[in-house]
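Naming follows writing order (A, B, C and D), and every chain is counted from residue 1.
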Amino acid sequence: MVQLGLVGLGKMGFNMRERLRAAGHEVVGFDRNPEVSDVSSLADLVKALDEPRIVWVMVPSGEPTKVTVAELGGLMASGDLVIDGGNSRFTDDSHNAAVLAEQGVKYVDVGVSGGVWGKDNGYGLMAGGDESDIERAMPIFDALRPEGPRDEGFAHAGGVGAGHYAKMVHNGIEYGLMQAYAEGFELLEASDVVDNVPGVIKAWQRGTVVRSWLLDLLIRAVEEDPQLGELEGYVEDSGEGRWTLEEAINNSVPAPVISAALFARFASRQEDSSAMRAVAALRNQFGGHSVKRAGE
Amino acid sequence: MVQLGLVGLGKMGFNMRERLRAAGHEVVGFDRNPEVSDVSSLADLVKALDEPRIVWVMVPSGEPTKVTVAELGGLMASGDLVIDGGNSRFTDDSHNAAVLAEQGVKYVDVGVSGGVWGKDNGYGLMAGGDESDIERAMPIFDALRPEGPRDEGFAHAGGVGAGHYAKMVHNGIEYGLMQAYAEGFELLEASDVVDNVPGVIKAWQRGTVVRSWLLDLLIRAVEEDPQLGELEGYVEDSGEGRWTLEEAINNSVPAPVISAALFARFASRQEDSSAMRAVAALRNQFGGHSVKRAGE
Amino acid sequence: MVQLGLVGLGKMGFNMRERLRAAGHEVVGFDRNPEVSDVSSLADLVKALDEPRIVWVMVPSGEPTKVTVAELGGLMASGDLVIDGGNSRFTDDSHNAAVLAEQGVKYVDVGVSGGVWGKDNGYGLMAGGDESDIERAMPIFDALRPEGPRDEGFAHAGGVGAGHYAKMVHNGIEYGLMQAYAEGFELLEASDVVDNVPGVIKAWQRGTVVRSWLLDLLIRAVEEDPQLGELEGYVEDSGEGRWTLEEAINNSVPAPVISAALFARFASRQEDSSAMRAVAALRNQFGGHSVKRAGE
Amino acid sequence: MVQLGLVGLGKMGFNMRERLRAAGHEVVGFDRNPEVSDVSSLADLVKALDEPRIVWVMVPSGEPTKVTVAELGGLMASGDLVIDGGNSRFTDDSHNAAVLAEQGVKYVDVGVSGGVWGKDNGYGLMAGGDESDIERAMPIFDALRPEGPRDEGFAHAGGVGAGHYAKMVHNGIEYGLMQAYAEGFELLEASDVVDNVPGVIKAWQRGTVVRSWLLDLLIRAVEEDPQLGELEGYVEDSGEGRWTLEEAINNSVPAPVISAALFARFASRQEDSSAMRAVAALRNQFGGHSVKRAGE
């Protein structure tokens, strides 16, 4: 059993504390929300741990994570280990590692997949960092990952940054998978050949080539609301799709599916499209084709 | 100077009659709208022409064209010639030619580009059919096409159907061109780096690689309405883009740009997207990500 | 237990006979290959069955299926039932049903998913036709579908054609899913951040959002050949992706992911691309950019 | 008439010196290649100019431009002006401007379009910077831009960086335009309906909706080599398309056409595709579909 600090007790961090404690580990959690926090400050969290310490950071990516890591760097001691399990961009990891290295603190980045289901199912984990640091954190990884052989739910992906890189690509794939199911769903809904769309989707669950966990979730959603009519077709993105596409550009890798999935999300959030206004204007200019006037 | 019948005096046919008459040809026009028609029926139009007759059909593609051609077949005589200048799908041409062939009537299909500007600028023409039939109609083609060398505004593309095929591909390209300008326009509008979007677009008119007639039209539109805010981003399609994509599929030709342009039009006409509701539902299912409820 | 005829004992049909017999059904199989066939002709197969007969057709889609169905129509009697379990285009089904209806023979179409794994795992089934015909064939469907609740591996999708329509959309989705994984794989391979690509992919198997049966197969493939270097990136398509895209066009449904996946296959089979020669030529023309000469 | 220094006398800079001199301006050119250079060093170039000086930089984007600008900063004096006319990324401009500002030297960025044709036709120009600096350089812009109204070949796009931003978007559009023509060309080539592909493309030159300068260049190319068979379908990219796509991502602008055009170039340069190897492997795994073995 190990002892660790856990910073950030939101949707993900809260569940992870539960899962880690259920596995017998000692977790000291800190969150700005005192109702869920075990200690009242980051400094108290660090004080509450025996050296050499392990602190797992699970806060929003970007500035919040960088600030937390830098603060930890000031509080922790040589030989300690910080693990960033958030959705950081892999390019932040070398920065974070360097900041900590000034204090002799080690750094591991971990991509964590599984969402709200991870508490019970376990989380898929992809880690980046030095072998010895990974080994040290292995009891934590073993508690968080799903039951089964370790290598089916955990990978040491490479050096610092590789964990988040693997998670970024995982999420880029996820965009494409979701859009593929979504296009199929729309076509089934739009055509009138299949009468029983929810039944067809449900029947893909076993035996078919397209069976997957995402399909299981789509079936759940469609069972609750067969045409998904209670929702709007408005989809946020939290960055990993954009980063994946930027990496595809940087590496000259064609990514037509991942980019199409990302652009579909962008378009879903637009009230109206400048681009399509331009196309409408062009058709009107050359062909006298009628246009919709705004407000009509 | 030649004599010809012209069936269909809408936006295109009406202008073509003007241009043909201005070139000295004798045109007998028929339209269901008596205000613009020279004769009161298709039968009267055929009677008003000397044999061997030429009749140019300029009515909506699909059923209307097929019906008109079949009716003409019943009225015309061996040695006559029917020219379909509408936006027919190339697959209709062999059918139309066969119907007429039963009466010994010849058939030529012509793709006509240029929109409402053709009356003054001339129309780009792509013709399909037998060489002798094309030759016979050449005075008409010469009157309709733009000034300049014949081969810069007219082509004999191949046998029956080739004229409409060439026009179909022309329109598929047109979809892609418009969407390319449109994406650039949207990006200029969306970012805040360029203050003077209308000025930039206007300055692309001379000397640049992207100069074109479509760009000239975009400049006109932006001069009238700098952000195109009086329009809605709602874009119809009249079939040629779909047919081009279907031909790409039939010939195993990748057409990512033409398909993207077509799909952008489809999406522009959707109030809400089943596909994006499915993606929103999936994100909510696995990550507890918030969704927009319909009506919110 | 039921008795049925099974026409076509190839990769799919052969396995299905095994699975049906293992479930206790009586199967009379016919194939042009005498080594696997139970009878020597289609006529003998029909004769070997008690009325009212059920014959399951499992031959290549298109002409072979149409011809087989028409031949069966001539051999079978009123009240008999033909089930087309091949990968027919849904538009063939109304034709096949009409041909059989002339003899009073009923028709059901079934989309079958699961590939070579279906023999042991069971096949996902989507059926189209009249309720009473579906009911009659249910013992066969129950033997072929996977263990578990019936509605998780079988659906009555709608009237004649709906089974193949559902399977067509299933396969369109499958194209998108495979391409999404493939783009992610290529990016991991192309960048040098992740050292352990096979390990990362293997670790996605449990707990992650992207876990699926296709991922399990990718892991198998990568375990056998970590960079898939023994293969060429040459991918056939057997039609369902094209049909899905054509249906998307017919129904004005944007399908950017499915089309991108299809076009990637088209491109994978091209030695050289006319389109990209044109782009190279254009760059050379306006900018004097160097080009690769053929044969260089 | 004005006096200016011109750094970089490659394909673009050399022609621009000709055009400027033909307009009566005094140009002192510097290039590392002594055969084309008027002076032997950057220092000599600066010395040869009267204060307040104007130096136009026309060297490769990225490091070479940054280094040249920094060197000029060390040599020039307060009140001087540097114009970067190369294809720099707009994000480099604020850096370059800041480096020069330390010496009181002003900075203008100019996107230049027109390729090798600009010498005779004039160049399309998009400038970013302060109004007063733009005004000062106007005689140079007037000499370089095409004949005709100034605002049809020149725009002051906005502050520092806006000129290159406008040029970047221009080039993104250019990618899309070229790919649209290219897809149409490939489809005409692939199908056998149109016999006279070069004739059809040539006939699009006048009157049609798709007429453009790029089309004129395609016609030239096809006249020289009707099937473009002397070229390989291998297409480089020099960065602007990537940057446009990255800006689309940054601004949440869907860019399906520009991304498709960029990815087509990436794919054109791949000997073999890891992604398509993965798809082939998957098809083989689930369906036993045959694959091409490497080296077959």
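Everything below uses one rule, namely that contacts are C-beta pairs under 8 Å (C-beta built on N, C-alpha and C of every residue); 3 or more make two chains touch, one makes a residue touch a chain.
No experiment lies behind these values; they were computed from the predicted model shown.
Farthest from subunit D, judged by the mean position of CA atoms in each chain, is C. A count of C-beta contacts for the chain pairs C-D and B-C puts C-D on top. By residue number, more than half of the contact pairs of A-C reappear in one of the listed pairs A-B, B-D or A-D, namely B-D. Per-chain CA centroids place subunit B at a distance of 38 Å from subunit C. Subunit C and subunit D have Cα centroids lying 47 Å from one another. In subunit B, the residues touching two or more other chains are 115, 179, 181, 183, 186, 190, 209, 214, 252-256, 260, 263-264, 267, 273, 275, 286.
Chain contacts in this assembly form a complete graph, since each chain touches every other chain.
Contact residues on subunit C toward subunit B in their complex (touch as defined above): 209, 242, 245-246, 249, 252-256, 259-260, 262-264, 266-267, 269, 273, 275, 286.
By the touch criterion given at the top, residues 11, 115-117, 178-179, 181-183, 185-186, 189-190, 214, 217-218, 220-222, 225, 227-236, 256, 264-265, 267-268, 272-289, 291-294, 296 of subunit D touch subunit C in their complex. Within the complex formed with subunit B, the residues of subunit D that make contact are 90, 113-115, 118, 121-126, 145-148, 151-159, 161-162, 165-166, 169-177, 179-181, 183-184, 186-188, 190-191, 193-196, 199-200, 202-215, 244, 247-248, 250-258, 260-261, 263-264.
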